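Report on one structure; see the data block that follows.
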Amino acid sequence: MQFGGVVAVDNLSLEVNENEIVSLIGPNGAGKTTAFNVITGVYAPTNGAVYFKDKMIACNYPKGPMKKIYAGQNYGKYTTTVKKTPDQITKLNVARTFQNIRLFKDLTAFENVLIAKHMRSKANWLSATLCLNYKEEQKMQKEALELLDILGLMDVKDEIASSLPYGQQRHLEIARALATEPELLLLDEPAAGMNPQETQELTEFIHDIRSKFNLTIFMIEHHMDLVMEISDRIYVLDFGKLIASGVPEEIQNNQQVIEAYLGVPDDDEE
Amino acid sequence: GENGGSANGDKVIKVGVFEPLTGENGGGGFQEVLGIRYANKVYPTVDINGETYKIELVEVDNKSDKTEAVSAAQSLIASGVKVVLGSYGSGVSIAAGDFFADAQIPAIGASCTNPQVTLGNDYYFRVCFLDPFQGTVMANYAYQEGAKTAAVITQLGDDYSSGLGSYFVDAFKSLAGENAIVSEEQFQTNQTDFKAILTNVKAANPDVIFAPSSIATAPLIIKQARELGITAKIMAGDTWENSSIIENAGEHAEGVVLSTFYDEADPATEEAASFVKGFKEYLKENNQSEIIPAVSALGYDAYLVALEAIKQAQSTDSVAIRDALAKVEIDGVTGHISFDENGDAKKDMAFIKVIKNGAFEFLKTVTVQ
Amino acid sequence: MKTSKKVIYSLILAVITLAFLFLLESNKAKYGMAYTVLTKGIILAVVAVSMNLVTGFTGLFSLGQAGFMAIGAYVTAIFLIPMNSIEEVYYMSGVSPSILALKSWLETTPSWFQAMLPYIALIAGGLVAALFAALIGIPVLRLKSDYLAIATLGFSEIIRAIISSPQMDTITNGSYGLKKIQGFSSLIQVFLIAAVCIAFMILLIRSTYGRAFKAIREDEIAAEAMGINLFKHKSMSFIIGSFFAAVSGGMLAMFMRSIDAKTFTVSLTYDILLIVVIGGIGSVTGSILSSILVTVCKEWWLRFFDNPLYIGNFQVPLFRTGFRMVIFSVVLLLVVLFYQRGLMGRNEFSWDRLAKSINKLRSKSSSKGGSKIA
Amino acid sequence: MSLSTIFQHLLTGISLGGAYALIAIGYTMVYGILRLINFAHGDIFMMAGYFMIFAMVSLPWPIAIPLVCILTIVLGVLIERVAYKPLRSAPRMSIMISAIAISYLLQNLATYLFTALPRAFPEIPFLKKIFQIGNVSSSLVTFITPVLTIILVLGLMFLINNTKIGMAMRAVSKDFETAQLMGIKINNVISATFAIGSFLAAVGAILYFTDRMSVTPFSGMLPGLKCFVAAVLGGIGSIPGAMVGGFVIGLCETILVAMGYSTFSDAFTFTLLIIILLFRPTGLFGEKIIDKV
Amino acid sequence: MTKNNLLTIENLSVSYGGIKAVKGISLTVPEGEIVTLIGANGAGKSTILRTIAGLVKPESGKISYRGEDITGIATNSIVEKGITLVPEGRRVFPDLTVLENLKIGAYLRKDNLQEDINRVYKLFPRLQERSWQLAGTLSGGEQQMLALGRALMSKPKLIMMDEPSLGLAPIVVNDIMKIITNINKEEGMTILLVEQNANLALRIAHRGYVCETGHITMEGTGTELLNDENVKAAYLGKSKKK
C-alpha cells in the first residue's frame, strides 16, 4: 500500500488463524493502521491481496500513474482487482474499532449499538416505516440491550455517546463492533488513553469476549504489558516491513524489535 | 357591520391597491400607485344612496413576485376591499386574478397589457390597450420609417416582455417578410450584462432593435449597445416611458422610440388638463421628477373607473360593482374608456414618443384596427 | 408522565386543531388572511420536514428542494388544469399532443378516479421527482458537504432552466407558466395531506432506516464500518426527501393556482433552509413550528410595518413600504443569534418536555437556564 | 461569426470573468477560514456600488475610490463582528442562516432606502474611454479589469503563502483553538480576511458597475451566485482556483449567450460545475479532503 | 520551598453547560520543576490545562502566573507571557507542512527561527525527513512529536503537556520522557505534565497531584506518590483488583 511516493505498508504478508489473538505492533507510522484500513476496505491496496476464510476480499495491482511510482515487490504477481466497500466487508463478519474513537457522537449509547444491528435487518424501508417489522425491531432492541449489559454499559445506555468517560467510549465502540456479529474483530489501539489499571481490566475483558463470542481478534497496541499478556502471536512492523513475528517471548527478546520499537528496557518492571 | 365606519362615524369603502413596490417592477409600480393616490386625493369620497362614503386605499406590495402576489391578494381580500386596482406587471395580475374572481371582487388593471390578465376572468378589467395591439403598432411604425430588418431582445420568463416581443415579431414579419427579423435574443431576469447579446445584434446589423423590457434593464441595454458602437434605432414598449431611464442612460438614450398610452402635452379630455396641472404639483411634493409617467395616468384612470362603477352600482356590494363596471363609460385622462366583453378597454390609439434632449417628445399617434 | 395520559392529551390536541380548522373553514371570508397564511405554512412544513430528513437527519447538505418542488408543481398542475381551459393556458405556443392525450385519457376515467385526481396528481409529481432524484443522486451523492450543496443547487437551477426554456413551450408553457390549476377544496384537505406526509417521514426517521441515516450524519466512516451501505442509504433519503418536496411543490401549485418557473428559484430553497434551521436542524416538530411561524410573521403579522402608522396625527417615521422586510431580516438575525441551535435544537415536542418546562417555569428556580442537553 | 465579433465576445468574457474572479476570491477566503458560504458577499458588492454612487456625488474619483474601498471594508468587518462572531461555536448551518439573514437585510435595506429603481452608476471618465481597434470597440475598463485582477491575485497569493499573517490565516482556517495556542488573535485574522474579501468586492464592484452602469438592490444577487459557483469550480478555499473559476464562468457565460443559448447559460454554468466536481470532487484546485482513519 | 511559584491556582472551578468538570482545585507549579497531574479518564485534567491556557473560562477561582492574575484573559496574551499548551490529541495543522507547523509555533517571536528549528529536528529526526509533508498525513506518533516540537518553538517558560505519550510506541514514549527531562534540566523550562502513564510521569516529576472527579485528592513529590499504596492500587495497575 502506498500513498503517492510514501510506501506505508511494504509487501506485508501475515495470517491470523481462527480463534487466535494476534497483535500487530511497531513504531509510529509503521503502517499498522494502514494495514487495517486495507483489510476493512477503506483503502485499496496498491499491490497484493487479502483473503478472509479463503475468500479473496481485496486485491489490486498497480495501475495508471501508480505503475510508474510503484515501489514495492511482487510486481506483476496480482492481476485481478477485487474491491469491496467497508460495509460489504463488515457483512462478511469482519468488524473493527478505530484508533481515534469514532462513535456516533450525538446519539445515545443504545442507539449506537442498535445502528450496528441495522445491517442484519431484513425489512425494506417501506415495511420498516410502516412498522411491519415489529418483531424484528423488538429482537434487535433486545440483542442490543444484551450487548450493553455484557459490556457493563447498561446504566449509561441513554447517555449521549460523547458525554461518556473515555474508557466507556472505548467499551461502547467494542460493543458496537460486536453488534455486527463479527467472526474477526480488529481493534486499533483499544487501550490508548487508558491508565495501567484500566489497561489491565481491558486485558481480561478481551479474553472474555473472545470466548463468549467465539472471536478471532487482531489487534494493534502500544501497551506492551497488554500485548505480551494477551497475544497468542505477535507481528512487528517497521517502515511498512515485517521485521519479526512469533510468540510474545520471542518478540520480547528479538534484538531487532528492541532496537526499533521496545527500546532498552528501562527498569520498567518494578 | 361589514362596511363599518371609522372611529368618527364616517362610512368607509375600501379600495385595494395591488402593486409592486419592491422587486423588479418596484419602480414602475410606485409610479402607478402615485397616480392612484393622487386620484384618491382629488376624489376622496363617493355618495351611495345619499350617504357619503370615504374611500380608503388599502395598499399591498406584491413584490413583483407571483408567489408573493398570491398572499398579497389574499391580504387585500381579507381586509374587505370592494374593488382592486392594479397591478403593474402582467404576471402578478395573472397569478392573483383567480383569487379575486373566487372572492368575487372586481379588479381593474391599469397598465398590465398581457391578454391573459382578462381572458377568461369575468372579474378582471383593464384601462389600457393590449400587447398584440402595441406590438403591431411598433412594427407598423418601424416599417413606415423604412426599417427592413429588426432585432428583438426579450426577457425570458416575463409575460410582458416575451409576449410583446412575439407580437412584434409576428407583425413585422407580415410587413417586411419572413426574414426581416435578423436576430432574436433573450436574456434572464436580473441579467445585467447584455454585451454578448448585443454583439450578436451588432453582427446581424439590423435597422431597428425592439427591446421591450423592465425599467431596470432599459438603461443597461441602451448604454451597452451604444458602447459597442451599435447605431440602430432602439425601440420598446410602454414601460420605457419612465424618466429614470433618461436619468440613467443619459445622452445614450437620445433617439429611443417607444409606444405609450398617453401624452401629457396633448390632453385628450378635460379631466386630462386638470390632471396634468395638479399631478405635476403632486409629483413635486413627492420629490419625483416632473415628467408624468403614463402609468400614473393609467392608475388615475383606473381609480376613476372604480369610482364611477361604485356610483353606478349605488352599492358597496362587490358583485354589484362588477356588474356596473362592465357597463361603465368615462372620459379619463388617457381618453375615453369603456370595456369590451373581455373586460379590456376599447382603445385603438397608441402614442409614439421619442427621447429628445433628455425628455420624452411626442412623435405621432398610431391607430390600428 | 403516564402513557395513557399522553394519549389523552394528544387526542385533545388533535380535536382542538381540527375544531380550529373547521372554524377557519366556515368563516373563510372573515379570517381570509389567517386561512391563506396557514395554508401556505402547512405546505411549507412538508418541504421543510423533507429537507430536514435529508439535511438534518442524513447529513446530506442538499439545496435542490426548489427544483424538486418545481417538478412536483408542474406535474401536478398538468394533471389538474381542467380540460376546457387547456387551450387558453397554452395560448402562446400550443399544447403538446402527449399532454392532450393524457388529459383526454383522464377524462375517460371513472368518476371515483376523477375525484381522487388531486391525490393522484400529487403522487405522480412526487414520483417523477423521485425518479429525477434517483438519476441525479448517482453522480452527486458521492460529493461531500458544501460540494454536494452546490451541485444539488445547480441541478435545481438546471431543472428550472429546462422548464422555462422555449424548447419546453408545449409542455411547461415555457416562461409563461401554468394557470387555472384546480385548487384545494378546503383547509382540512391541505392539513390532512400534510399530516399524512409528515407522519410518514416521522415513522421513517424512527425506523431502523432512520437510525442508519443518523449514523451516516454522525460519521460516514464509522457508519460504513457498521455495514451500512452509504450510497444506498443516502440515495434512499435523497429520493424520499425529493418525493415529499415535490408533493409540497404540487400542493403549492394547487394553492397558488398559477405557477411559473420563477417561483422556484434558489431563494425558495434558501427560505426553506431558513425555516429548517430556525426550527432546529434535526427536529421535525421544530420544522413544522417554524414554517408556520415564519410564514405567518413574514406575510401577516409584520405586514403593518409596510403601511404608514399614525398615532393620533403623528406619523411614526420609518413605517413605509419595504420596512416589513427590513424588520423581518432583523428578526431572523436576532433569532439565529439568540437561538443558535434553532427554536427546538434537536429536540422533539413531547408531553414530558412540556410538563418539565411548565414545572420549571412554575418553580422559577434561581439557577440560570441549565444545560442545553436536557 | 466574423473574427472581430469573436474577438469582441472574448474581450467581454474575459472582462466579466475578471470581475467575477474578484468577487469569487472573497467567497473563497471567507470559506477557507470560517467554512462559511458568505451569502452576504454579493450584497456587500452591491452596497459598494451604492457607496460609489453617493461618494461620486460630491467627490472626484481619485478620492471617491479609496473612500468606497474603506467603507466597504468597514461594512464587511462590521457584518463579521455582528452576525458571525457571536456564532463561532454554533453549528455551521446557523452561521449560514445568519449570512442569509444579512443578505436579506442588505437587500431589503437598500430597497427601503434607495428604492428598487436602478440608480445610474457614475462615470469615471478615465475608465470609460472608448477604444476602437478595427471593428472591435470597448471601453478601457474592459481591458483594465482582467489585468488588475491578475495583479491583485498575485499580490494576495504572496500575502497568503509568504507572510506571517498569511500563515496565520491558514492555521486559523483549520483549528481555531490550536491557533489561539500559538498566540494568534483569531478575531483579528478573521477580520483581516473579511477586510481583504470586502476590498476585492469593492474593486470588483467599481469595475463591474462601471461597465454595466446602474445599480439596484438586487444587483448583487446573480453575480453573487455565479461567483460562488466560480469559487467552488476552482476549488473553494483556493485563491488561484477562484480566479480561474471566475474567468471560466465569465467566458462560458458570454460564449453561450453569444451562441443564442441564453436560456441555458446559467444551466450550462452549473452543468460545467457538476461535471468538474464529478472528476475532481473538490474543484479544480481544491485540496483533497484528508480523511485519515 | 525556596523556589518561586511560577503558577498558582486557587479554588478553580470550571463547568461545561451544567456539568461541573473541575470543582475548586488548588495547585502550584514551582519554577524550574516538572509537575505532573495524574488521574483517571474524565477527572478534569485536560480541563485544568485548558483553563490555564485561557481556552475555557473558569466559573470561579484564581490563576496567577509569577504573581500576576491571569484568570480569564485571552489565550494569545497567555501565550505571550510564556505559557504554552501541547493539546490533547496532537492537533497539528493538517494542511500546513511540518516546517510551517514549526514556524507557526513561533508566531509571536520576531527573531531568527532557524536555530530552534534545527534544535527540534535534532530532537526528532523523523520530522526533518518529513519536513515537506503535510502534517495531516503523519502517523499518530509523528504528529505527537510535531506538536511537542511546535510548542518548543515559542520558547515558553512554562510548557503544559496533555498526555504526550498517548498512542506512542514504547521506544518513543521513553524518548519523549527523556526529552521532557532534558528540556527541564538543560533549559530550565518548567513543565506541567498530564499523563495517564502514571508510572513514567511520576518517575520524572518533582511533584505530583492526583486528580479525581474534579478534585485534587492527593499531592506529594514524585517518589512519595509512586510508593503510595492508594496510588499504586488506583493508577499503577500492579496490585490486584480489590
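To keep things simple, chains are lettered A, B, C, D and E as they appear, and every chain counts its residues starting from 1.
What we mean here is this: a contact is a pair of C-beta atoms (placed from the backbone, for glycine too) under 8 Å apart; a residue touches a chain by one contact, two chains touch by 3 or more.
These are the chains along with the protein names UniProt gives them: A, E = ATP-binding cassette domain-containing protein; C, D = Branched-chain amino acid ABC transporter permease.
Note that the structure is a prediction, hence the values are computed from the model and not measured.
Comparing the centres of all chains, each the average of its CA atoms, the largest separation from chain E belongs to B. A count of C-beta contacts for the chain pairs A-C and D-E puts A-C on top.
Distance between chain centres (mean CA atoms), chain B to chain D: 37 Å. A separation of 75 Å divides the Cα centre of chain B from that of chain E. Remark: chain C and chain D have CA centroids separated by 32 Å (rounded to whole angstrom).
Shared interface positions of chain C, i.e. residues touching 2 or more other chains, are given as 164, 166, 221, 321-322, 325, 373. Chain D has residues 108, 111, 263, 266, 293 in contact with two or more other chains. Taken residue by residue, chain B touches two or more other chains at 21-22, 156, 186, whereas all remaining positions touch fewer. Against chain C, the residues of chain B that register as touching in their complex are 21-22, 59-61, 65-67, 70-71, 74-75, 77-79, 91, 94-95, 97-99, 103, 115-116, 119-120, 156-159, 162-163, 166, 186, 189.
If you check the complex, the residues on chain D that touch chain C are 31, 35, 37, 39, 83, 86-87, 89-91, 93-94, 96-98, 100-102, 104-105, 108-109, 111-112, 225, 228-229, 232, 236, 263-264, 266-267, 269-271, 273-274, 277-278, 281-283, 289, 291, 293.
Taken together, the chain D residues at the contact with chain E in this complex read 164, 167-168, 170-171, 173-175, 177-185, 287, 290, 292. In the complex of the two chains, the chain C residues touching chain A come out as 200, 203-204, 207-209, 211-212, 214-215, 218-219, 221-230, 236, 240, 346, 373.
Here chain E touches chain A in the complex through residues 19, 38, 40-42, 89, 126, 133, 137-142, 144, 163, 166-175, 196-199, 233-238, 241, going by the rule given at the top.
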